[in-house]
Amino acid sequence: MSTSNSPSSFPVVIINTGGTFNKRYQPLTGLLTVANDERTIEELLHSASPNLDMHLIGLIHKDSLDMTQSDRALICASIRNSLPAFNSAPVIIIHGTDTMHETALFLDEENLNRVIVITGAMRPAEIDPVEASLHLGLTLGFAAANPPPGIYIAMHGRVLPYAEYRKNRTLGVFQTT
Amino acid sequence: MSTSNSPSSFPVVIINTGGTFNKRYQPLTGLLTVANDERTIEELLHSASPNLDMHLIGLIHKDSLDMTQSDRALICASIRNSLPAFNSAPVIIIHGTDTMHETALFLDEENLNRVIVITGAMRPAEIDPVEASLHLGLTLGFAAANPPPGIYIAMHGRVLPYAEYRKNRTLGVFQTT
Amino acid sequence: MSTSNSPSSFPVVIINTGGTFNKRYQPLTGLLTVANDERTIEELLHSASPNLDMHLIGLIHKDSLDMTQSDRALICASIRNSLPAFNSAPVIIIHGTDTMHETALFLDEENLNRVIVITGAMRPAEIDPVEASLHLGLTLGFAAANPPPGIYIAMHGRVLPYAEYRKNRTLGVFQTT
Amino acid sequence: MSTSNSPSSFPVVIINTGGTFNKRYQPLTGLLTVANDERTIEELLHSASPNLDMHLIGLIHKDSLDMTQSDRALICASIRNSLPAFNSAPVIIIHGTDTMHETALFLDEENLNRVIVITGAMRPAEIDPVEASLHLGLTLGFAAANPPPGIYIAMHGRVLPYAEYRKNRTLGVFQTT
């Protein structure tokens, strides 16, 4: 038909840091804990995977309330040290919702000059795969539009620069500031 | 924190034309048929709805193989006749996968000068809510980046101008042309 | 066809005491808590409800580790005080798995002379509706066979007199003693 | 505690003949077809499998409207030729709902002198795992009560001798006759 301007797959770095998105129920203990693997993301992206050239990195695997500045430095280092094939690819970070803003601020000060989209979920993907999938879709759709470098948050139907979008902890919904 | 540049909700027109995305099983007949309502979209977007100013229009409700040029004219008219509050909002069209390209071509020739993102699903949302949610997320994320006017297809992890992205019917996957 | 020997619906008392079966995720707190309602049971039994004459009683709504002897006395009283129409109907008790045996023992000493089937789940129905539904099915199928009065446990594919079937806490599976 | 009267696992023959229970969506054709495997049953019984000594036999794999008398003879032969370890075990047959009664009648005339419980689903397990799981639970719970030999139907909350329980095709619900 036409000669495509687009490569046959879309390069993207996905950094999984854990958060509620990745929590799974442990029947022996009765606890919901952050899984120490990338299985949830792989399963949710199954239908998209033929078109993604995905560099999936698992790091930290914590509830975001437990995330430290050295954890954030590790995220930053993993972005800076992307494989050469991915060094201009958009970066998607799966993260707990409570401290997304702190991580965004940390990354902003590092002047990474990359498209970085942070997402997560209010409910574990194991319980609510719809919310989690919508959020992964938001990040990929936003990145597909080739936006200017910056740190963005993708949650609850919108993707905005991190400084304009925050979690309302009373309502459990992200809102514009 | 900062004074937001973004309105408190995101205006979007969603036109539901049916397709596999909206098929539901009818236990009395044993058939999967396109539902004549917008319930699937409303349920999948439940978590996003507090942030969306959504004008949801139900039209046609067909399998896309049965869609005619007059159906396409109806889609076009419903875009042109958007409520004033939505006349520059992005337009998301839920559509069967087999004739997305024909509808895109039809709309392209109408010079609507709008951001129009067509999506759908290979499997009914009733069976695979993850694929359907990813695709709705793709459309909203793409629209959030304020892309140039045009007709786009959002499927299987990517959003591209319609002329560059087509369904491979042998594999059941959208691919770059 | 034939003259039926069976009434047009099956009378059953269902006592919901809570337990993991009824836990739901609370996104504002990040906790899984026992729901204070009967919605989970009603939803899971939706397809069976035309054939059940169900007297559904909500009591206690606790994690079974927190259940006291006075809670057990309350279960017992609610069985003794069944509505007249249900005073010979089988009794199904939804209960946390950790103290099913203690509740069974308590009820056994009360000489209720009823068919009492205790069930529950290792994973919340919200996360694993299949295990929860299998267990509800076990209880209804067992009761349908008109077994002798007694206290039974229905879990993990089997229904047995409570003294012969216990939770193996290391494996998270009920096993014969 | 007590010396168990029950063996450590429950022997059961499960004959999968197909039916709506086993239908899966084929995205390339848009059709729901009866899967030619036992995967659905294996997945739904996962949590019960440690306690079941299950002899799972796949046969026929048809929509029940297409089932012939020679298919029924095949079911009968597979019951008669059970492995010795299973020759007094209860038999569960997964079957399409439209001709359960015809199969029950056929088996009844064969004087098999076994507990045979026929089940199925009004909606494919892929779409509604709750109904399918309830029905598997019904069969296992009924068999656990050691009922007299006979041909039973387990659907929609009840298990009854086949002559007393039939599908109401207008309502899509099994009812007493």
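Every chain is named by a letter (A, B, C and D) in the order it is written, and numbering of its residues begins at 1.
The working rule: a residue touches a chain if its C-beta (ideal position, glycine included) is under 8 Å from a C-beta of that chain, and two chains touch if they have at least 3 such contacts.
To keep track of the chains, here are their UniProt names: A, B, C, D = Putative asparaginase.
Please read these numbers as outputs of a predicted model, since none were measured by experiment.
**Student:** What chain is the most remote from subunit C (Putative asparaginase), judged by the mean position of CA atoms in each chain?
**Tutor:** That would be chain B.
**Student:** Can you work out the whole-Å distance between the CA centroids of subunit A (Putative asparaginase) and subunit C (Putative asparaginase)?
**Tutor:** 41
**Student:** Just curious, how far off is subunit C (Putative asparaginase) from subunit B (Putative asparaginase) if you go by their C-alpha centres, in Å?
**Tutor:** That gives a centre separation of 44 Å.
**Student:** With chain centres defined as C-alpha means, what is the inter-centre distance between subunit A (Putative asparaginase) and subunit B (Putative asparaginase) in Å?
**Tutor:** Here the centre of subunit B (Putative asparaginase) sits 24 Å away from the centre of subunit A (Putative asparaginase).
**Student:** Could you say which residues in subunit C (Putative asparaginase) touch two or more other chains, in rising order?
**Tutor:** Residues 122, 128 of subunit C (Putative asparaginase) touch two or more partner chains.
**Student:** By the document's touch rule, what are all the touching chain pairs in this structure?
**Tutor:** Chain-chain contacts present: A-B, A-C, B-D, C-D.
**Student:** Please give the residue numbers of subunit D (Putative asparaginase) that touch subunit B (Putative asparaginase) in the complex, ascending.
**Tutor:** That would be residues 20, 25, 27-28, 30, 32, 63, 122-124, 126-128, 169-170, 172 of subunit D (Putative asparaginase).
**Student:** Can you check the complex and tell me which residues of subunit C (Putative asparaginase) touch subunit D (Putative asparaginase)?
**Tutor:** Within the complex, subunit C (Putative asparaginase) contacts subunit D (Putative asparaginase) at residues 1-8, 10, 43-52, 122, 128-131, 133-147, 154, 156-160, 163-166, 171, 173-177.
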